[in-house]
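Just passing along the structure, written as structure tokens.
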Amino acid sequence: MALDKNGIAKRIAQEVQNGYYVNLGIGIPTLVANFVRDDLEVEFQSENGILGMGPFPFEGEEDADLINAGKQTITALPGASYFDSSLSFGMIRGKHVDLTILGAMEVAEDGDIANWKIPGKMVKGMGGAMDLVASAENIIVAMQHTNRAGESKLLKRCSLPITGVNCVKKIVTDLACIEITKEGFLLLERAPGVSVETIKKATAGTLIVPVDVPEMSL
Amino acid sequence: MALDKNGIAKRIAQEVQNGYYVNLGIGIPTLVANFVRDDLEVEFQSENGILGMGPFPFEGEEDADLINAGKQTITALPGASYFDSSLSFGMIRGKHVDLTILGAMEVAEDGDIANWKIPGKMVKGMGGAMDLVASAENIIVAMQHTNRAGESKLLKRCSLPITGVNCVKKIVTDLACIEITKEGFLLLERAPGVSVETIKKATAGTLIVPVDVPEMSL
Amino acid sequence: MIAKNVDNVKQALEGVSSNMTLMLGGFGLCGIPENAIAELVRLGISGITCISNNAGVDDFGLGLLLQKKQIKKMISSYVGENAEFERQMLSGELEVELIPQGTLAERCRAAQVGIPAFYTPAGYGTEVAEGKEVLDFKGKPHLLEHAFEADFSIIKAWKGDTAGNLIFKATARNFNAPMAGAGKVCVAEVEELLPAGQLDPNQIHIPGIFVQRIFQGKFFEKRIEQRTITQK
Amino acid sequence: MIAKNVDNVKQALEGVSSNMTLMLGGFGLCGIPENAIAELVRLGISGITCISNNAGVDDFGLGLLLQKKQIKKMISSYVGENAEFERQMLSGELEVELIPQGTLAERCRAAQVGIPAFYTPAGYGTEVAEGKEVLDFKGKPHLLEHAFEADFSIIKAWKGDTAGNLIFKATARNFNAPMAGAGKVCVAEVEELLPAGQLDPNQIHIPGIFVQRIFQGKFFEKRIEQRTITQK
């Protein structure tokens, strides 16, 4: 059965290692924080200017001056710090952030990503995504395997304006966990109950299928 | 009679206007602070990281963590702020500092200045001088008109390695107040009792002498 | 001490006129100069080029200026929260230049500290790179990006003093800090304006040298865009 | 929270070895990492390339490493307070690269924030410009300057917490802030090390993400170079 959003987030949470500073994009990536193992030392950075981001506040404790990059009210954990946008992107550009998790509209088999613009239709802007994908050493994309029209989002080449080149390292979708390799999309794991055949059909780019493709353990 | 160091500082203090942020170099420039009119709103910046520098502390109140660029113990006035070296030179490079007063070994008639190196002899380093002279719009040099050997320090071309090009606007020496113009050193004022002839003899570069050269009023 | 305090927003914005380039601080609705924006609406100036990370929402923040069609061009990184914005952009009434957020922040800071240009990897290989100089560093291509130029930078802080020193609160610091001193004139509105000497010089985020005019805002709605809570 | 605290200077400097490039914070003797310098002397490593604004005095600060001839090359802006330094330099024992102070600070900051290169007007037309790319901005020539590369940056703060967050005191902030995170490993020594949560997140000068190891120094002499006083 295909994963729901929480399932995708849960699988991605397994990629978070001890001592990681992690930047979470808007949408599914935000959910990842809920599934990171408690025994790991991890800090979440939000590019609008906080390190050590905590959960949403209790009702009545919201502070308009304390939000994340999704403009949601948040809290700060012990050891947190606030800083300006210039230093915040300094952390990102300077490779001090260990892992970036973000959504995408398309990913190409060479690691290109498109997630900021549909010409003539949707032009919200790239926000911090271009900085993140240009600098992060470790980028995981969280997304649905296909779009609403049922078309694959894992392509040979991106059809939409790209956000960055050769940058995505791993993709976790509702169907599979996939690594980007020089040869193309390497199928690492299937979502529970999802067949290799289903994943093949839903993938437009080159899919490399090893002899044994284990199910995710969630 | 030629001015002493305090006299030079006193004359330069007349150049300080209301609302000026001023950077004072080591030596005579430091003395300028003592002669700025009390009714002017002025703040002194020291490039090691303080704005709103005050006088030396009283005995027993010295703080090793509070010094100026000359490594002297200082105090902070109400409204002062501390910052790092990067932002400090940001103030200088970004032209937020209104006036820079510094010493020199040589000044050329085109505004070049040399004050950091005597090859094979003295190599202390430029410190912040190159940043200051490259960015400041308003640079006044405080120095003796001649060196210990009696040679002029106001030259056609600098003989020593330069600190910056075409940057000095005004020079106040023990003998005169001089403006740098396209045509050369323009004699603005004589030190009290010093003759034009004396200044001419002590100036190796092109000296422009107006019909009337008033004495400084100190 | 050099006094920077003015009595009100009107005095603070003296000299702002149509067709100017204005930088405005804030991220979303967090830390925006509400009082100055209200005054810009009241002034009725138009043809503004606006450098601001976001464009507000339909009825708050820069959305108020968009409603009145006072803005000619927006230079932003993300403008997704504003339907009127989208309408004006798609109809061609509004020019839009989208810039990666980190580049936007650094171009503000570059203006603040007198760095005319710097290299960043952000945007290489994308539309953003068009017409820009590319240089490789350690085999990785970077774009040359330039400091912004603006007539005014208008920012908002939490506490300030009469010397122009600023302290921001939490994530409201965002673009307000790198925009300080990045325009020819920097105007700061603060929630609390104190006499010089009341702020700890060690805790000042932006020294007063970067600020030309400071005033205490009359009101701060501080609207929350996404009120998210944890159930007890 | 990611813990960065180590027990002592020995652990903090693990991995430092001969022929490395080290960045060291401080201006004159103000804000220098005294405990780490003492440990570098004890370790007896040599062939060090040192990026530091100054070279200490004969018997304190980096002067201690110079005495033992542990430094191969100094990259500084001003080295005028040290006779042994001058002797080694003039005799050719010590390589010296002198850099304008603002450029030095910005090249540290560039390394911290992942800017590989930037333009500055400082040094144009001087010896410092030799071999450097020149580009005009608004008719004014600027030099292209590159981010530093260092194996370790070793800095000193006033207060810190176990998450690596740092607060500096007064003008001891100087190069310590822009050097944080500018080397591959950043070691911070602090006068007071507190549990995470004890520092106000709004008052932190350097967030812990830039610091890999933090420890409380055993002693701080904090020598004053020029004791100047006002007579009562």
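Going in written order, the chains are labelled A, B, C and D, and every chain counts its residues from 1.
The criterion applied here is as follows: a residue touches a chain if its C-beta (ideal position, glycine included) is under 8 Å from a C-beta of that chain, and two chains touch if they have at least 3 such contacts.
Computed from a predicted structure; not experimentally measured.
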item: Most distant chain from chain D by Cα centroid; value: A
item: Length of the line joining the C-alpha centres of chain B and chain C, rounded to whole Å; value: 36
item: Chain centre separation (chain A, chain B; CA means) in Å; value: 56
item: Centroid spacing, where centroids are CA-atom means, of chain B and chain D in whole angstrom; value: 28
item: Interface hub residues of chain B, defined as touching at least two other chains; value: 50, 76, 82-83, 86, 89, 92-93, 135
item: Contacts with 2+ other chains: residues of chain C; value: 106, 113-115, 120-121, 168-170, 201-202
item: In contact (per the touch rule at the top): chain pairs; value: A-C, A-D, B-C, B-D, C-D
item: Chain C to chain D touching residues, read off their complex; value: 106, 110, 113-121, 135, 137-138, 142, 167-170, 201-203
item: Interfacial residue positions of chain A with respect to chain C in the complex; value: 46-50, 55-59, 62-74, 76, 82-86, 88-89, 92-93, 112, 117, 120, 123-131, 134-135, 161-165
item: Complex contacts: residues of chain D adjacent to chain A; value: 1-3, 111-115, 161-163, 165, 181, 195-197, 201-202, 204, 207-210
item: Chain D residues within the chain B interface of the complex; value: 27-31, 53, 76-81, 86, 89-90, 96, 98, 100-106, 108-109, 120-128, 158, 168-178, 205, 222-232
item: Contact set on chain B toward chain C in their complex; value: 19-21, 41-43, 45, 50-52, 76-83, 86-87, 89-97, 135
